[in-house]
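Shared between the two complexes below is subunit A, which has subunit B as its partner in the first and subunit C in the second.
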Partner chain A sequence: MFKRYLLRRLLHAVLLLAGVSVLSFVLLELAPGDFLGEARINPQLSASTIAALQEQYGLNQSLPHKYLSWLGSVTKGSFGVSFSYNLPVSTLLWPRARKTLQLTLASLFLSWLIALPLGVLSAGRRGGWLDRGTSLVTSLLLGLPDLVLACLVLFLAVRTGWFRTGHPILPITVLVLAALPLLVRHVRSALLDVAQQPHVRAARAHGIHGMQLWFQWLLPAAANPLASLFGLSIAGLISSSLLVETILGWPGLGPLFLEAIAARDFYLVIGPVMLSAVFLVAGVLIGDLLLYLVDPRIRTGI
Partner chain B sequence: MHNDPALLRVERLTKTYSRRSWLAARHPEMPAVAGVDLELRAKHCLAIVGASGSGKSTLARCIAGLEQPTSGRIQFAGRELHAAMIHRRIQLIFQDPGASLNPRFRVAEALEEPLVIHGKNFGREETVERLRQVGLAESMAERLTSQLSGGQKARLALARALAALDQGHPNILILDESLASLDLSVQAQMVNLLLDLRKPRQLAYILIAHDLSLALHWAGEIAVMYQGQIVERNTPHMLLADPRHPHTKQLVAASLEKESLTTEGGGGRPGV
Partner chain C sequence: MKSLPLLQKLAIAVLICLHLAVLGARFLAPYDPTEQNRASTLTAPSRIFPLGTDEFGRDQLSRMLWGGQISLATGWIATLLALGIGLTLGVAAGFWGGWSDALLMRGAELFLALPWLYLLLAVRAFLPLSLSPWAMALMIAAIIGTVGWARPARLIRGVVLSAKEREFVYAARGFGASPWRLITKHCLPETYGVLLTQAALLLPQFILAEVTLSFLGFGVAEPAVSWGNLLQPLRQISIIGGYWWMTLPVLLVVAVAWGFSALEDALASSNRANSG
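Let's turn to the complex of A and B:
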């Protein structure tokens, strides 16, 4: 049962990644300019040199040809070659991906650690001071773009001098604050939603209350939407991480990605895109597995 | 009137909902139940019929102790019951009995839900016996409630309500449109099951419905509710023959129309 569930999910994941890779190739090909744009308007380089470079980088190959040779390099683990570094993309990508993952996993853990109890307590004492306070703060945070939040944290760090720029606590703070409002609100509304369900009301009518009601009725029933949200929050954190890293000077995938886009370094753009897609798919997969663990109905295949 | 006292006596019951608001202190709303008197004798069946919003469900919830009346008295066997005691003598089956079962529970667990707060549970034998009583096979005990059909869920909800009630005493079971979501053949099976359980389990029924169709067949008395009040009470025969209140007339007309549409006539069992 579990094997079949896992296999089906993995197959979905592979198909999704294939789709993402094709789409990124097409979109990047459609984007104007290429790596040699600068070189072409350089009067010191002759047309024959440009043509030689084009040949060397494989820029004049057709899109399907590029895609297939890229796929070939994926099987060898190199993910193409970066034009500007003249190195396999993988050697550039892995150390940076590790940095990004450190950031995202720490923020993921922290944000859920805060969001779960806060959402539960807000729902439990609906309309109380904690609920109102949380709602106010989360609305405020929701209104602040990640960019502004990052600048604010950077400003504070520099002004107070508590943390040097580049300290991991800065991007983690920004990521947690950016993820928190959505998570808290979802946890709260999932629980309030569940509390209105007939089977919870029936349990209440049978006098069940307190911890027993929370752990046997409310939390299990609210776990489904939250398990899916957990997977999606991984994906969300990765994508905001790319931005936050760039602003706060964290040597993760973000700065590399931006640099690669500016230089039209084709395969170095595809690399981080594919990696974030892998993280996203992994996040959703983890969410699905959590769902499988918490809901006996999925286990029995209804 | 009768020598034996009523099992349930409701006097001048009102229930008013007030809506709390951030600005004004409180706005008293229109009362959902406005001064209802009724009585029910052991092992009898009373139907409360009214349009949605007439207050019948609120009345039922007050009687079942799920809601606190604003004013008025509810007496059970001549006494006012303590809140915890009410659930052991009066049980309500919800509008959608299937949805009132925890979908993550096994049938045996769901059956024992009313026992949880007492820290008790049924042994295997009693579980099987109780399932059998409502027509569920022993093999069902280990299934998840979400794996049952609509009819089986309704039976389980009934078994669960019975599990909450003290055995060996006259009790009351309130059906808050509990059968409305079932298809007609399953509905008929449930009615037969309820009628069969009436004597051995000493059950009196309060049947809440929005039309007369079920009520006419098995209620001994029908109370018509309109805007929070009981506007007319009579036996099914008399109600059909001589409806007084305009709302009762509407209900009767609607039920006759429905009857003439279906190929099979009234039939059914006479009132109890």
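Let's turn to the complex of A and C:
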């Protein structure tokens, strides 16, 4: 049963990724420039040199041809060749991806570690000082873009001199602060929803309270929305890490991607786009699987 | 709208004032935003330069006012475009259903799976560099708009799907109303609430997208001014550490973000009051 569900979700994910890759190829192809844009206006390079370079990089091939040969290189694990480094994209990509993953996993762990108790406590004492304080802070944080948060953290770090730029604590702080408000709000509202349900009221009427009520009744019942939130929070962290890494000087995918863009290095641009799509889709997939594991209603649904 | 919390009212008021100030930059800005005063670079706020000057001695206040024109306009155009595409596709899919619906839902799923900031940057990279600032702003708006239609389209489809099953729509259909009339007179009015809330949600995102692009150096190029360009010097440690007035443009972005999120809250609660 689980295997079938897993296979179906995996197939869905692969189809989605294939769609994303076609779409990014088409969109990038529609935009007029290419890697040799600057070489072409360079008077020292003759037309025949340019043509040879074009041939070498495969820039004059048709879009389907480019796409298929790129797919072929994906199956071999190289993701095409970077024009400016003259290396397979994967050798450039993996070390950077590892850095990004370290950052996002640490932030994921920390943000849930903070959000879960905070959401539980503010739902438990609804309308209390902690609840009101949290809701004010989360609504203020929710509006703050990552760009602003990163600039503020950089400003504080430089002003106080506590941490050097490039220290992992800076990007992690920003990512956690960016992820926190949504998580706390959802945890709180999921628990408040659950607290109204008949089985919880019945348990309460039977005199079950305190920790036992929380861990045996409330949290398992709230697991459903929380599991899908988990997947979404991975996706959110991945997409905000691009900017945060760049501003705070963390050598992850973000800076590599911007460098590739500046050089118009086609496959090195496609690489991070696809990789972040993979992370995004994987996040949602993990959320779905968690949901399947914690919620028996889904298991019987198929 | 009567019982809005004070903070919310304040945020919306600031947002409106900001828009008015940016629109009136021609009358309000004390200097030309590109005029360089090499004798007074990076000076602190004073009576001559109310918000100080940047590293080329350009007046910060004038740059903040003029810069808003490109940033806000890009956001608004992109939002209108995304909502226009979303409305057209969403209504078509919701009203006719069948294969067009299935196609739209799959397409929307695809666009939602796109890491859109990455894609935005990537597409921008392959655009020519030598465009006039306004042509560039329009291009960026066009890209943002065409990538961002998916969420509104899905929501509008849902609204139309339920709207077309209402009794009065059946009645109108029974009286022989044309599909066009059914859509424009009966289904579209139901979508206004969603459209407004989505606009309040997308506007800050799209304004911020332009700011982010320009901040990273892939947006509107100097010497044209946009809020993203104003934030660019902050990437240098020496400037962010030493000259606090250079961080003032951050406040503009914060005001836009808070203002629109307050507006969205207000719209959502008034929608709930209307429907419930």
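Note that the second predicted complex is superposed on the first by the 281 of 302 C-alpha atoms of A that agree within 3 Å, B and C clash if a C-alpha of one lies under 4 Å from a C-alpha of the other, contacts with A are read in each partner's own complex, and residues count from 1 in each chain.
Operating definition for what follows: a contact is a pair of C-beta atoms (placed from the backbone, for glycine too) under 8 Å apart; a residue touches a chain by one contact, two chains touch by 3 or more.
Remember, predicted model here, so these are calculated numbers, not experimental data.
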Next on the checklist: Once chain A of both complexes is superposed, is A:A203 in touch with subunit B (first), subunit C (second), both, or neither?
Outcome noted: first
Next on the checklist: For A:P220, using the defined touch cut-off, is the partner it touches subunit B, subunit C, both, or neither? Pick first, second, both or neither.
Outcome noted: first
Checklist entry - In the superposed model, does subunit B or subunit C contact more residues of subunit A? => result C
Checklist entry - When the two structures are overlaid on chain A, which partner does A:P296 contact: first (subunit B), second (subunit C), both, or neither? => result first
Item to check | Which of subunit B and subunit C A:P95 touches, first, second, both or neither | outcome: neither
Checklist entry - Who does A:A262 touch here: subunit B (first), subunit C (second), both, or neither? => result second
Next on the checklist: Quick check for you: in the superposed arrangement, does A:P251 touch first (subunit B), second (subunit C), both or neither?
Outcome noted: neither
Item to check | Partner chain in contact with A:D34 - subunit B first, subunit C second, else both or neither | outcome: second
Next on the checklist: Looking at A:Q212, would you say it contacts subunit B, subunit C, both, or neither? Reply first, second, both or neither.
Outcome noted: first
Checklist entry - So which bits of subunit A does subunit B touch that subunit C touches too? => result none
Checklist entry - Within the complex, which stretch of subunit B touches subunit A? => result 64, 66, 84, 87, 92, 94-96, 99-104, 113-114, 116-117, 144, 146-147, 164
Item to check | Partner subunit C, residues of subunit A touching it in the complex | outcome: 16-17, 19-20, 23-24, 27-28, 30-34, 139-140, 142-145, 147-148, 151-152, 154-155, 158-159, 165, 238-239, 242-243, 246-247, 257-258, 261-262, 264, 269-270, 272-273, 276-277, 280-281
Next on the checklist: Applying the document's contact rule, which stretches of subunit C touch subunit A when the two form their complex?
Outcome noted: 106, 109-111, 113-119, 121-128, 204, 208, 211-212, 215-218, 231, 234-235, 237, 240-241, 247, 250, 253-254, 257-258, 260-261
Item to check | For the subunit A and subunit B complex, residues of the former touching the latter | outcome: 197-199, 201-203, 205-208, 212, 216-217, 220-221, 295-297, 300, 302
